[in-house]
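Okay, structure first, notes after.
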Amino acid sequence: MMPDLGEYAVEVTVAYGVSLLALALVCFLYIRRSRSVKRALTDAEARKDA
Amino acid sequence: MIQLFARDIRLAVRSGGGFGLALIFFLIVVVLIPLGLSSDQSALALVAPGVLWLGALLACLLSLDRIFGLDYEDGSLDLLATSPLPLEAVYIAKAAAHWLTTGLPLALAAPVLGVLLNLSFDAGKVMCFSLLLGTPALSLIGAFGATLTLGVKRGGLLLSLLVLPLYVPTLIFGARAVHSASLGQPFDVPLIMVLAISLGAVAILPFASGAALRINLR
Amino acid sequence: MIQLFARDIRLAVRSGGGFGLALIFFLIVVVLIPLGLSSDQSALALVAPGVLWLGALLACLLSLDRIFGLDYEDGSLDLLATSPLPLEAVYIAKAAAHWLTTGLPLALAAPVLGVLLNLSFDAGKVMCFSLLLGTPALSLIGAFGATLTLGVKRGGLLLSLLVLPLYVPTLIFGARAVHSASLGQPFDVPLIMVLAISLGAVAILPFASGAALRINLR
Amino acid sequence: MNSTSKSKHLWNLFWKLANPKVFMGWSGRWLPWLSWLTVLLLGSGLIWGFFFTPDDIRQGSTVKIIYLHVPAALMAINGYLLMFIGSLMWLIRRQHVSVLAAKAAAPVGMTMTLIALATGAIWGQPMWGTYWVWDPRLTSFLIMFLFYAGYIALWAAIDDDDTAADLTSVLALVGSVFALLSRYAVLFWNQGLHQGTTVSLTDGTKQENISNVFFLPLLLAMVGFGLLFLTLLLIGTRTELRMRRLKVLEVRERMQ
Amino acid sequence: MLQVSNLSVARGGKILLHDVSFSVEPGQALVLRGANGIGKTSLLRCIAGLQTPTSGKILVPETVAYAAHANGLKGQLSVFENLKFWADIYGGPRPDVALNSYSLENFAYQPAANLSAGQQRRLGLARMLVTGCRLWVLDEPTVSLDVQNVALFYKVLKAHLQGGGAAVLATHIDFQLSAESLDLTSYIASLNMSSSAFEEALE
Amino acid sequence: MLQVSNLSVARGGKILLHDVSFSVEPGQALVLRGANGIGKTSLLRCIAGLQTPTSGKILVPETVAYAAHANGLKGQLSVFENLKFWADIYGGPRPDVALNSYSLENFAYQPAANLSAGQQRRLGLARMLVTGCRLWVLDEPTVSLDVQNVALFYKVLKAHLQGGGAAVLATHIDFQLSAESLDLTSYIASLNMSSSAFEEALE
């Protein structure tokens, strides 16, 4: 499965690891904040209408 | 005391002056120095320990006047002085909050920034260690300076002037430790000196600062 | 406008933040940097232009938040805004006062301090000249940054974070001019660039700053 | 539909999106599709790049880093551009959506900058023998990172939303002028080691000095990164818009 | 001299006052009244041009003299220098008369930082006289003043009105000068008015 | 509860008040009166322990609650957090009662910076309640308060006194609570008193 990365295996995997981690982190933060704000807003609208 | 510490941290975070700011300032100084130097790369590793220490010191310096200045101006320092909390405790709480929001992040980031200045990873570790031992002294000495210049509105420059000479020993020993490490020489003596300065500051400065605060509020 | 300029200078002198303070800070930084460096003397002349420029830049930085901060806090900026003086003129008067109390003394002192760093006298002259041309840009950019961070109490660190990246071109060209001069190379191109930045800053920043002030007072 | 009326249609849509309600509706409709497309393209681009491309003769397997490095660098620059345009539109036409989009773009752009810097640094070790050199392109990227940081910090430091929007926009405009200036200053300061531009996006065709086996997955990764950027931008802008609404409701609630 | 029509005033994104209209002629003073937090300061800031109203129109002379909650003094400058500075900025009369009217002559060469709260307030009020402006906008002018000094303030204000000047002021004390007063309570904006269509649009 | 005997108070190297004596018992309030600049603030600062008198003695409980001209609020913290902080520092009661007494409940979670002048003052006064101290030292407490809120303040003060507390306050307004008042005018120090023996020795 894993391709042969030769003598630079560490560098390449670290580069992919770090980047994907950063991307995952920023996606996670955006989605989490989006969810919490959305929930807070629907709650607030519900309270207003109630 | 814990409450005051917690309040100061909360205030720092709220006003956007939390953990990140000192760090980025540190980064900027590290970027500016090679830019200001000629494009000669070889000199860089040579100056790295000094530059990193100096950057940490300046990042510390720039936030010093917040430590007491804000409370003095809005009158809450007066109120704190009439509260059951002794002024020495006020000083310690505030210096500790300052260290947590500036010194600690700086120490942790230093090895990474060291890479930008061609510092080896081993020397980077010593850098981190020396900053961990030294930044408490920077915060304590700085907060002490801040008590002296309380009455001077926005006396940032004056404060730096008072504080910088007091920072010299810490800077010299700290930078020397890293420098020795980067040359593969032993670095325990300067590191112990840095620790000694921090401990000495904890032992003496609360009393000096308490007195200075009392004088300034009079 | 002249009155505001005169008042700011008078205030700077009265509160002990006048001509001397920036100078002494500059001196300390210039002395500290070699201390932080290894004791290698030959490297010193090489790094001197950068160090001097960086010192000037940091000395400038430390007094930036005074420019508008004091007036904002005690309410006189509100009053100035309702006065017949346009806010652009307020900005210019204040930036000019800042330059006179920090930039100018720094430029005049730089050749002398250059001697401490093994800088030749000719290069020292160019140093002085480049600072004379460049410090107005530093003051103008800095005052612009100060208008942005008005509402942020004692936002010294944030202010530096905003301002320092803007200082990069001035620093590079200024230090390069001196570096070239110390190597006996032609230095007119970078010097002209420094002048151009200063002129550009005078042309654009008053409007940006006027707008920022208006927004902050709203 | 001919092409002029099509572009006119897009242009109209663009301005209509400045209305928060239209924006919420439109983005809500497209977001799921966009997310799946992102996963698909980014995933296939990176998998192709990582698993199914040959090694370079000189660079060995490190050439695989290009599928992260170049798209990230590209998006970092685009993010800055977007921030600039959003700020400008806010100052001229005072459309909240544009400035909130600028606000939402900044953290993504900063992450992209960080990825470009990190992958570049990791790449530098085997190629140049050092993690970092003060090469002009690298240096200007670092400076751009600082501009991002300043922009985000200013947003964070100001309490009032409209004031923050105005001030950060002024900063973005003035900052862009100085960013350009810095780029030239840095070029003047130092000649570097870094690769010249070999991929040109203007015509979208491959250039002579990069072969097809590398170029196609790279193109896919670039499109993937672009879509990811867009997705996060939409999510972020929607969050900011909702946040504004939430604040109004909270103030009102407290008053009752 | 001052004409305010259908003004809406907001602060912090919330509309406070709605549809306020009044006018002040030369020789008149208008006292704004209302509970704490009703929006007096915000209204006065609009008139002074420091804040833009959300709707409505304000007709004012080109320059007005504004005295806020804060005095805007420079502690390091002497009382005289403080006044002289504002006189220069506005191109108004020399500070001597102003100093005398608030019996600050004895403090003229003291740094303003050394004044007590009430003395600083008097200096803040004396500033009005050196601006040479005909419209004064005063936010709680009598705060921290003792009885005698309040009387002094009345005297100065009366003279200003008799000279064809005008004034708008907000205060909580019983105002002992014959002046119209306007109670802002009836202009309180209802809660569901939002200051920006943008925030409404999201429902 | 508070006993002041033969006190001399100086400010800026000048003796202001001379030979002041009074005492305040639990359940009592004392109103200090006097023209602007007579030395009320300086006297209160002596009582609060922020300033040392040049001569005379002050007997006070270990901790007193002091409210100065400035409110000492943190704008970035919410109203509740501000009070909570002081409650923690003094080990006093929870802020809820204090909030209610000054009808600040609605603002509890707003940053203190967003309050109007009068609202900030109320918050400053509410701080007294969370200190749990029995002696209150108040410097012009009613500044910027409207009539209703002044009444609120009276109510709170009365409750404090009835609970065995005591208060010293300086004010310029007509004080509508039955309280002794002390006019400081008769204690004004003559000019040739100097505040330091050192300066005397130079003659």
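Going in written order, the chains are labelled A, B, C, D, E and F, and every chain counts its residues from 1.
Quick note on the criterion: contacts are C-beta pairs under 8 Å (C-beta built on N, C-alpha and C of every residue); 3 or more make two chains touch, one makes a residue touch a chain.
Note that the coordinates shown come from a computational prediction; the quantities given were computed from them, not determined experimentally.
Interface comparison, D-E versus B-F: the higher count of C-beta contacts falls to B-F. With chains reduced to the mean position of their C-alpha atoms, the one farthest from subunit E is A. When the CA atoms of subunit B are superposed on subunit C, the rotation angle comes to 180 degrees, reported as a multiple of 5. Mean C-alpha position of subunit B lies 35 Å from that of subunit D.
The centroid of the Cα atoms in subunit A and the matching centroid in subunit D are 16 Å apart. Note: centroid distance subunit C to subunit D, computed from Cα atoms, is 33 Å.
Counting partner chains per residue, subunit C has residues 15, 152-153, 155, 158, 161, 164-165, 168, 172, 176, 218 touching two or more of them. Within subunit E, the positions touching two or more other chains are listed as 12, 69, 75, 203.
Counting partner chains per residue, subunit A has residues 45 touching two or more of them.
By the touch criterion given at the top, residues 15-17, 21-22, 24-25, 28-29, 32-33, 35-38, 40, 43, 46-47, 49-51, 53-54, 57-59, 61-63, 65-66, 69-70, 73, 152-158, 160-161, 164-165, 167-168, 171-172, 175-176, 179 of subunit C touch subunit B in their complex. Here subunit D touches subunit E in the complex through residues 19-21, 24, 96, 160-162, 241-242, 244-245, 247-248, 251-252, 255-256, going by the rule given at the top. Residues of subunit A that touch subunit D in their complex: 3-9, 11-12, 14-16, 18-19, 22-23, 25-27, 29-31, 33-34, 37-38, 40-41, 44-45, 47-48.
Remark: subunit E residues 12, 34-37, 41, 69, 114-119, 122, 140, 143-149, 172-173 touch subunit F in the complex. Those residues of subunit E lying in contact with subunit D across their complex are 12-14, 191-192, 194, 198-199, 201-203.
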